[in-house]
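Here's the structure, in structure tokens; my notes come after.
By written order: A, B, C, D, E and F. Residues from 1 in each chain.
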Amino acid sequence: MSIAVFPGSFDPITNGHIDILRRALKLFDRIIVGVGFNAGKNYTFTAEERVEMVREATEGLPVEVESYTGLLVDFVKSRDCSVVIRSLRASTDFEHEFQMSMFNREYHPDIEHIYLMASKEVMFISSSMVKEIVERGGDVKKMVPANVALALQRKFPEKPSSPKPL
Amino acid sequence: MSIAVFPGSFDPITNGHIDILRRALKLFDRIIVGVGFNAGKNYTFTAEERVEMVREATEGLPVEVESYTGLLVDFVKSRDCSVVIRSLRASTDFEHEFQMSMFNREYHPDIEHIYLMASKEVMFISSSMVKEIVERGGDVKKMVPANVALALQRKFPEKPSSPKPL
Amino acid sequence: MSIAVFPGSFDPITNGHIDILRRALKLFDRIIVGVGFNAGKNYTFTAEERVEMVREATEGLPVEVESYTGLLVDFVKSRDCSVVIRSLRASTDFEHEFQMSMFNREYHPDIEHIYLMASKEVMFISSSMVKEIVERGGDVKKMVPANVALALQRKFPEKPSSPKPL
Amino acid sequence: MSIAVFPGSFDPITNGHIDILRRALKLFDRIIVGVGFNAGKNYTFTAEERVEMVREATEGLPVEVESYTGLLVDFVKSRDCSVVIRSLRASTDFEHEFQMSMFNREYHPDIEHIYLMASKEVMFISSSMVKEIVERGGDVKKMVPANVALALQRKFPEKPSSPKPL
Amino acid sequence: MSIAVFPGSFDPITNGHIDILRRALKLFDRIIVGVGFNAGKNYTFTAEERVEMVREATEGLPVEVESYTGLLVDFVKSRDCSVVIRSLRASTDFEHEFQMSMFNREYHPDIEHIYLMASKEVMFISSSMVKEIVERGGDVKKMVPANVALALQRKFPEKPSSPKPL
Amino acid sequence: MSIAVFPGSFDPITNGHIDILRRALKLFDRIIVGVGFNAGKNYTFTAEERVEMVREATEGLPVEVESYTGLLVDFVKSRDCSVVIRSLRASTDFEHEFQMSMFNREYHPDIEHIYLMASKEVMFISSSMVKEIVERGGDVKKMVPANVALALQRKFPEKPSSPKPL
């Protein structure tokens, strides 16, 4: 049975992540979504919230969701897995991917990273853009699963911060 | 009468912005400079200060200056306008432009973004670099309008933060 | 009455070009499509064929189609025009655009280039890819106007060049 | 039994290709190397030579080598396969990859492309650079399999084209 | 006697910096490492710590280490020097380099910047990645000098921030 | 006495090359301009013409001009030199530079490449663009030395290739 880890912050999960997940499930029997938690980083949602949102959004799929802290490679090994799935977009973090991949392979040459290219429809969706839009009062229903849209509304309920008209 | 919106943080306005404005005024009768204010973002100057600096620097031009909060597209629509002007530089935020343009067009297909390329003389000027230079005691007179140069001096009067010689 | 030139090789015109044309027509009353002809360059279709294909594909739109040779800026000036429209894609020729824009503006500072970003649906279409696909026996009906699809079929009727099975 | 296609020109195969092949064989039981032949393209080696070189260089591995002409997706389907393996390098053809992937997925949504990143040691090797070096009299033993190094020597035996000293 | 300045944050110095230093010392008799300190910036190590780490790591080399604040060009001039050495990597800060170089040359046309390309072995090392790895409990012994590895361990002794298992 | 090699096709030499040469002469006592000749490549000017144009354009400077064939590194070594100067532009051949530098350093670790960034004024000039402009009847006097402007006029005397008006 083939397994792969799909790591990320998922702060929150978007339709872009879902697209990658569905397509990766044609290549692997089961996917472990690794929701990263790093003490030095600021998240909009807590690790618990992020895990819960992924779980709801992937219900019915052969997907496990777990949070992890520390190095991704250690998490991958602890799950007896050797494949990491990553997504590539036009607006990519390409170099950071290179660094990460080089580092991981240097220390764990048996762990392989495979990259899927984001589909055209979701290529320009990112967690940070979704939050930026919601913060400014925009609608992101087409960009995230329904449960995430609700969670975002609760997190950014109003825009009381408008400056007085000048 | 043709109108376009030129949005940005203008924190502060630079000669790069002025260059784009002057050239855009050959294409449009009037330009509305939209000075963005977003609660989650840190600005060096307040919205009022930024608006005021743009006003002084564009005196005599058929330019209106307003601050806005929320989504750019909502601001554009509220002004009965359908064109957004953006600047492109070699050191560009190209992908962020793509994301923003894709998002806006998906929700408001009638709003068009047009891009002008920064002129060679101002291509390497950015608001953040201007501030970085002033903070370190450098001279930015050639890079910003005179009123902005003064405002920057008042904002970063001294460099009391030098470490003791080691 | 506002006019702009939309230059290119159009070898052949694709739905990507049509998308830009339609959107540019919201900004300008009339567009002159300039079909470039350069002696040193190899084209799949002759200048006459390329002009004819653009004409058919833009019938009913306030568009003029002309071939030109020599410098774009000379062509633009000979039409009493001062705006050039260009398209930007993710897979862009961004630097070549910069060079061209810098050169043109240095010699003709009154000519302005404005850039529109290709729509998501056509972002990955290019004339060269269309021809590559047809040459290999693929279907490009969704990527080019109907008359161009026919012209491509006539140009690349068969694939007699397959190597013998090894 | 899982199968994937690894397509390319392999003109000639390099250690960079071998690296990807070996790593892909940890993910798939068998790999079909598809040696592309396109009538409109100039190759240094014939399709037969390229296939033969790949065969020798991959002896002992669960790899099949075949030439194909026409569209990659048709080749993939004719082999009852649905996965295409591609390599990414720092000096990448990233945008062309995007175009190809978008086109293929639009017409054959069931075919998936997965990308592996070239290893650090072979990241700067490309078929064209290898040939450029050999043409200029350089040594490429560390960059290609032994049989390919020999084939290159036979193909570029001398450098009789040096200009007379000026 | 030829001298050049090698500026940076060195927060902390990595084997990538050491590689550039050693190679630059074939071109210049002496290198002044300028450890930048900017009040508005957050550093992991103090200016004193960063200077001290560079000193230990470069012992025996004709290298001077000094911290500086303010503009780099002022620092370079105060040392009667006119050459600045910078490193380029695949994951580069290329545009920021351009801006900085353009700005410095505009005001100090006699100061030249020369760029060396990071060696393949250290191309994917950056100070920020090193810290990210240590923070997550990873080993960076191959990426930084021994004294820096120790300093990093003292700085990030434990990972008490792990979330409770969900 | 310090010497460096500045290699290129110089087909023809432009003001961009002259700018790099003048600045490099502040770092080195003497520069050897290596005019590359490669049998497999098409040049507009012969090796003799290119060498002659560089000689005239650099008269009075401590510059030697020689053509070379084969590998750059072999040429550099044959001149008892160990430094290669390259130019970087925004519209750069960055990845090709990486490949070349990696290859050269792997085989000749004692040869160092140093990069200078093109000045703002000449950043968008390239030999190929200069020829493209002349071919189309444009004026390149500000972009190349006077002797090169003449040579280009002789090479592209007329534009008899204009298509008949359609």
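Annotations for the structure displayed:
Heads up, the rule we're going with is that a contact is a pair of C-beta atoms (placed from the backbone, for glycine too) under 8 Å apart; a residue touches a chain by one contact, two chains touch by 3 or more.
What you are looking at is a predicted structure, and each value in this text was computed from that prediction instead of being measured.
For the pair subunit C and subunit E, chains touching both partners: A, B, D, F. Residue-number overlap of contact pairs with C-F passes half for only one option from B-F, A-C or D-F: D-F. At the far end from subunit E, in terms of centres built from Cα atoms, lies C. In a homomeric contact, the two copies may use the same or different surfaces; for subunit A and subunit E, under half of the interface residue numbers are shared, pointing to different surfaces. If you average the Cα atoms of subunit B and of subunit D, the two centres end up 47 Å apart.
Annotation: 32 Å between the Cα-based centres of subunit E and subunit F. Within subunit A, residues 90, 98, 102, 106, 120, 123-124 each touch two or more of the remaining chains.
Taken pair by pair, the chains that touch are A-B, A-C, A-D, A-E, B-C, B-E, B-F, C-D, C-F, D-E, D-F, E-F. Against subunit A, in their complex, subunit D makes its touches with residues 2, 23, 26-27, 82-83, 88, 90, 94, 97-98, 101-102, 105-106, 110, 112-117, 119-120. Those residues of subunit A that touch subunit E in the complex are listed here as 37-40, 47-48, 51, 66-67, 69-71, 73-74, 95-96, 98-100, 102-103, 106-107.
Against subunit D, the residues of subunit E that register as touching in their complex are 90, 120-121, 123-124.
Per the touch definition, subunit B reaches subunit E in the complex via residues 90-92, 123-124, 126, 129, 132-133, 135-139, 142, 159, 161-163, 166.
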